[in-house]
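Going in written order, the chains are labelled A, B, C, D, E and F, and every chain counts its residues from 1.
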Amino acid sequence: MNWLDEGALYSGIGLFLREDLGRGDITTQSVLMRNTRAKARFVAGEKMVVAGLEAAEEVFVSLDPQQQLEAFTADGEEVEAGKVIARTSGFADVLLAGEQVALNLIRHLSGVATLTRQFVRAVEGTRAKIADTRQTTPGMRMLEKHAVLLGGGVNSRFGLDDGICVEPNHAALAGGLRAAVKSAGENIGHIHRIGAVVSTKDEIKEAIEAGATVLELHVQIEDAQSCVQYARELSPAASIEIGGEITMDNVRRYAESGADIIRVAALTQSVRAMAISFQIQVS
Amino acid sequence: MNWLDEGALYSGIGLFLREDLGRGDITTQSVLMRNTRAKARFVAGEKMVVAGLEAAEEVFVSLDPQQQLEAFTADGEEVEAGKVIARTSGFADVLLAGEQVALNLIRHLSGVATLTRQFVRAVEGTRAKIADTRQTTPGMRMLEKHAVLLGGGVNSRFGLDDGICVEPNHAALAGGLRAAVKSAGENIGHIHRIGAVVSTKDEIKEAIEAGATVLELHVQIEDAQSCVQYARELSPAASIEIGGEITMDNVRRYAESGADIIRVAALTQSVRAMAISFQIQVS
Amino acid sequence: MNWLDEGALYSGIGLFLREDLGRGDITTQSVLMRNTRAKARFVAGEKMVVAGLEAAEEVFVSLDPQQQLEAFTADGEEVEAGKVIARTSGFADVLLAGEQVALNLIRHLSGVATLTRQFVRAVEGTRAKIADTRQTTPGMRMLEKHAVLLGGGVNSRFGLDDGICVEPNHAALAGGLRAAVKSAGENIGHIHRIGAVVSTKDEIKEAIEAGATVLELHVQIEDAQSCVQYARELSPAASIEIGGEITMDNVRRYAESGADIIRVAALTQSVRAMAISFQIQVS
Amino acid sequence: MNWLDEGALYSGIGLFLREDLGRGDITTQSVLMRNTRAKARFVAGEKMVVAGLEAAEEVFVSLDPQQQLEAFTADGEEVEAGKVIARTSGFADVLLAGEQVALNLIRHLSGVATLTRQFVRAVEGTRAKIADTRQTTPGMRMLEKHAVLLGGGVNSRFGLDDGICVEPNHAALAGGLRAAVKSAGENIGHIHRIGAVVSTKDEIKEAIEAGATVLELHVQIEDAQSCVQYARELSPAASIEIGGEITMDNVRRYAESGADIIRVAALTQSVRAMAISFQIQVS
Amino acid sequence: MNWLDEGALYSGIGLFLREDLGRGDITTQSVLMRNTRAKARFVAGEKMVVAGLEAAEEVFVSLDPQQQLEAFTADGEEVEAGKVIARTSGFADVLLAGEQVALNLIRHLSGVATLTRQFVRAVEGTRAKIADTRQTTPGMRMLEKHAVLLGGGVNSRFGLDDGICVEPNHAALAGGLRAAVKSAGENIGHIHRIGAVVSTKDEIKEAIEAGATVLELHVQIEDAQSCVQYARELSPAASIEIGGEITMDNVRRYAESGADIIRVAALTQSVRAMAISFQIQVS
Amino acid sequence: MNWLDEGALYSGIGLFLREDLGRGDITTQSVLMRNTRAKARFVAGEKMVVAGLEAAEEVFVSLDPQQQLEAFTADGEEVEAGKVIARTSGFADVLLAGEQVALNLIRHLSGVATLTRQFVRAVEGTRAKIADTRQTTPGMRMLEKHAVLLGGGVNSRFGLDDGICVEPNHAALAGGLRAAVKSAGENIGHIHRIGAVVSTKDEIKEAIEAGATVLELHVQIEDAQSCVQYARELSPAASIEIGGEITMDNVRRYAESGADIIRVAALTQSVRAMAISFQIQVS
């Protein structure tokens, strides 16, 4: 039921195309007859959660408003190796001009969605949701965060402007955690929840007393459960989150601490691109 | 001795910043006194080839033209875990506003450079150079290709407009490989080398006879050496390249085939971000 | 202690200048000797809270990076009629080219700040803060909201993307207030406070039970106090706000209801421009 | 019979939308089912001259090219309170995303048109036309000047580049009024009328002798008639205009002086937004 | 004494550079050591009026803000073959990156200025000034019109928005010349002179009676004098201009008709680029 | 069979229109009834090779997506004086707004195509093709190079980024021709042919030995044949080109030297605009 503004989502695609096309596709221009037509299909080369199909369609539509992508699965669906994900037909020069950008997008975004799904499965049965971070690929944040949703995760802040998170740097520069959280609450508190990164029970207490209602715990795995409980007792309505070095190996144990949210930087960093091919045929 | 146009290289950084900053850093605005000053340093968390330092400096300069980054190593240098790579000082709000974008860039680009260096080392002693492909992260191509250079690799085409490469799709749509290569040579041949992707000795012969002087072989590892030799005999001046599914496991054997270039999509795809931290202190 | 990102704040000024300058100031070009120098000063024509001085400086700096504005008061200060607010000197063509845009900005923004100050004074001694709305002048939102801060008010949402507010339209379209608020909480609740517009005690109860922690009451003035109390009892930590048709005449009574925030659309709508003149002299 | 270039007129609307939408309407995204449909109507809350209907339609069309606005009155028509001005139907997220920007535009522009109409009525029966000035809201000049036309006024210069007006500042810096007007006539005279701001009969004489054919009188109300007559005698073909502090209280008397044009800064400054509501219903 | 807005004048130069540089100067990058320094000079290869020196400087400054051009003559000066017009020194890659764009500009603009000077000389002693038209090179209008000024000519309209000229097409579509001119006068007459293109004495009379004060005559050379006299008698204050097929061969005779302005499309069309070389040396 | 990317080709047209239209066509706005319809046709005034028809259509489509241009000849065809090249019909204000830009484009581009055709004819029967250079009109390179193709010529580099050409400046700055060519080959050789400008047999030898496969000879006409032969013997597969001061008078003799390519700067410099009229009629 959750979707994002398409304008914001696809606003980078024109830039991505210009990056690859420059002054035009000179191979195709010198090799093909004008108006040659062709058809093509995207085929999954491994099991994956598909993401980026709408972005790929936008690539081709940007080149030719008539172009359409017929999808055989929806973004967010899991498919097996060999699955024909989508097909399209049209002018060969359009297909060839958009091929690499579309592939680069769909492979990367399916990688994000697939990885997210794996994390989501790893914490099934716990209270925890898997959330992304701002550690995204520059220029791809909207698309990557959309892929996180498709994988079953939830989004945290989209930028520095849509949420308050008092980090240790702020605390150090503002005369301590308590002062920083308090200041945030006084200045922007009526429209935003006040978040704070904390690493000890003392900090948990300090932050809550100063008005924080989102607590991001950076704690050792063995301390997670007692810290979560402590925070929960002090502030039952707060959102208790865990961040830091979360991996597939430790995410389950962190989730079992009772936290509401596990923030996983890996979702959008160090992502393995999925194997997807684009097969063109004379039509 | 090789460098790229800075204008083109860093033109995306304004977009990256706007993506993260939006209407402004509301946490810092609500927490810090205006004109608070701070200093910060980038510290390597593992052994790596550094890349992206100049890009990171550009991030801070975009926010405040007075900001400078004092580097303790150069882009392209290899450093050990714990190394302080660079430091900077200035207004705290500038450091905090640029922190995430700078980190996202330097971590990812150092990942590209480090991976490239590993591939370059793997083929040491052979004739082969390691080259990148167009399988890059959308919006980051210039930066990623620069990181490949820093890692010791070489660049292939920057886009569809600065080189001719006849791929199987072109051959299929243009009435065969020979016709396609010939057409390319006639139409654009006097300013570009004509490249072709080939998978058999017959195709090698066909492409060379039609005028190709760059041959990208997509062949099984056991056929690589004989195909390279065959191509070399037919066209001693041609650039013999190997593409396809190149991994750290098979790159050495492919390189020992005698090819000039091994094209490695992995350099800019599925890149593991390097561990680098940004430590801010009151100054 | 609260400030905004200058990049976002002044990004429109280039457009404002182009709107007025077009292909250039043909009167000045045809009348003055090149490099004629002049000095100028802004003078208040009535009592006001000054805002827009930094914006005005940005106007002149955009035309000539050497230009400086020497301010004799700070944005946010109250001045009497006759006060010389600021002065500048430089090339006459720069002063004349920027004059109208600078004046249009400073007059309008001082109008916003002055009006805000009047509302703030009107509620002095109550718990209520005066907040703005999204009923701003298209293209001027950042500047107007900054002027609200300078006048002593606080900012509500900067756009549809940085806060959740469930309005009656959402409730109607989503199957009722309770369902809408609940849905918002489930989908985006962990990073944002959930706000809702409510007009009856039943709606207050429904919204709070569904998870709303920001309540914007649209109620008759005679019901304000009892509604605020009712909401406060149900949810002591919630932000209780009053919106609707707030005027200088009724704002005090609404504020005495005990609400935390009074949202005043008038702050940035129907604003009277302040009388400020720009006096140029031969230097 | 007078209309303006739509491209120039509506070029700012994309910016206005981005200002409000940012990364997207998170309330609607988290509350409504995708593809929910709705209908809506604009209703006048007071008597007014409508302006901005076409701009409002452009807002919705920018969000969805299929969206249409069915107008029940034309821009420039006078309507009574309660009148349904226009209606539209489509996707609920499009209506909600465009609502505030459309309302902000239509309220403000109707305010401009209504105020202009009042001034026009105030001078009915005299020779004078009501004209606007360059004292407009930054970023809204084209739209505001269009609203002035709709209200029955006429436009003066759109910018510093499309007309010559020698102001006292120019005279002071260029060695006197006569020299400045003469210089303008020599340098740009063959494509533009030469205008000059004058405050005394001596200046009127000087300006006309130097070649001015547009005279903007800044004079006391009691001197207006004799100054206009004096100018008319010296230069029967000149356009005699009156500027300065024109209000609803004094405009009639100024108009009775026999001037051709009364320039009223108030038309686009200190404008009261009209009461117009946007009512959404499930469709 | 006449100059133009530099912002508008040089706004295209970034585009011109990107057109030539694309992703960067790969020859220089692969051949020169980074930070190689060089010096260069522009040398006239024939007699000419120089124009474009400031534009050329802007080219280099766009690439490196430190770069300066030391001019040995001013734009608008006439120089002999062999004259060193200007010199510069700096980073070799900056000089090489800007070379072609700077040369293309300075050669073309000097061509415009030189041609204009020839036309101006051809009418010396007559009352006529030489004016340009809107028949300019797309994208270069501001620069070309500035070069016309430097050559001694005057500018006519910069675009369709800064002057009224009723052409035969308007007359045909608007129910005749008289109606069209009258309509223009009523709708926009108070800020603009009303111009009309006329080809017969009847049309001259009609246009003047309807309010035209700028008459552009398109008449045979043998009718020019009597038409100019006729127009002058009917409207002594009007600007009498001659347009159409003006060449170096007929311009003098047209000028001797007594017209105020001769409009010469050739000034900015079919321009011969001047011979200017750019000589780089190791510094 | 050769075509260029339309996106890149026509990306400047919006700028060209804004240059001419500014805030709108005030003559048409003040003279014509809204929605007046008209038809128009382009008529050749002399014999020419037509180019720019598609660009002209793009001009009108940019103003009104419904507008169409019915062509009676194709770009690249040769037509006689009097030929109706194309016609269109639609709103009169659209035709009048696009008229001058469309004409400026079609006249100039037809000039380029016609001149190219003349050079191509002049070398008929020889081995030589006529190629353009980077001496183009700033902002028009893509369009001019497309017109060269239409005239029968071939394109050389589109920018500094899509080909290697070692010029004397590079040689001087890099320690000699041999070193420069060698360096280019080592750094970028595997994707680009290495070109070099040479003026003597020694330089020919040096460049070829260092790896150049594109030789641009700048030699006296009497030395051309022996230099071409010498280069051909040393490097049979190289592209032998002739550049420098090529004119209609000497191009045939240069072509008879046996070179593959004659590079003619004149094709896109000092171009005479073709006589083409745009005739509007009431429809």
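Quick note on the criterion: a residue touches a chain if its C-beta (ideal position, glycine included) is under 8 Å from a C-beta of that chain, and two chains touch if they have at least 3 such contacts.
Model, not experiment: these values are computed from the prediction.
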Sorted by label, the chains bordering both chain E and chain F are A, B, C, D
In whole angstrom, what separates the CA-based centres of chain B and chain E? 46
Taking each chain's centre as the mean of its CA atoms, chain A sits from chain E at a distance in Å of 53
Residues of chain D that touch at least two other chains are 1-2, 5, 21-25, 29-30, 33, 97, 142, 158-159, 161-163, 183, 187-188, 192
Considering only which chains touch which, how would you classify the arrangement: line, ring, star, complete or other? complete
Can you name the residues of chain B that touch chain A in the complex? 12, 15-16, 19-33, 36, 38, 92, 96-97, 99-101, 103-105, 107-108, 111, 134-142, 158-167, 169-170, 172-174, 180, 183-184, 186-188, 192, 269-273, 280-282
If you look only at chain E, which of its residues touch chain A in the complex? 22-23
Once bound in the complex, which stretches of chain D touch chain E? 1-2, 5, 129, 131, 154-158, 161-163, 183, 187-193, 195, 214, 237, 239, 241, 260-261
In their complex, what parts of chain A are in touch with chain D? 1-5, 7-9, 142, 158-159, 161-162
Would you pull the chain C residues touching chain E in the complex into a rising list? 21-25, 29-30, 33-34, 63, 97
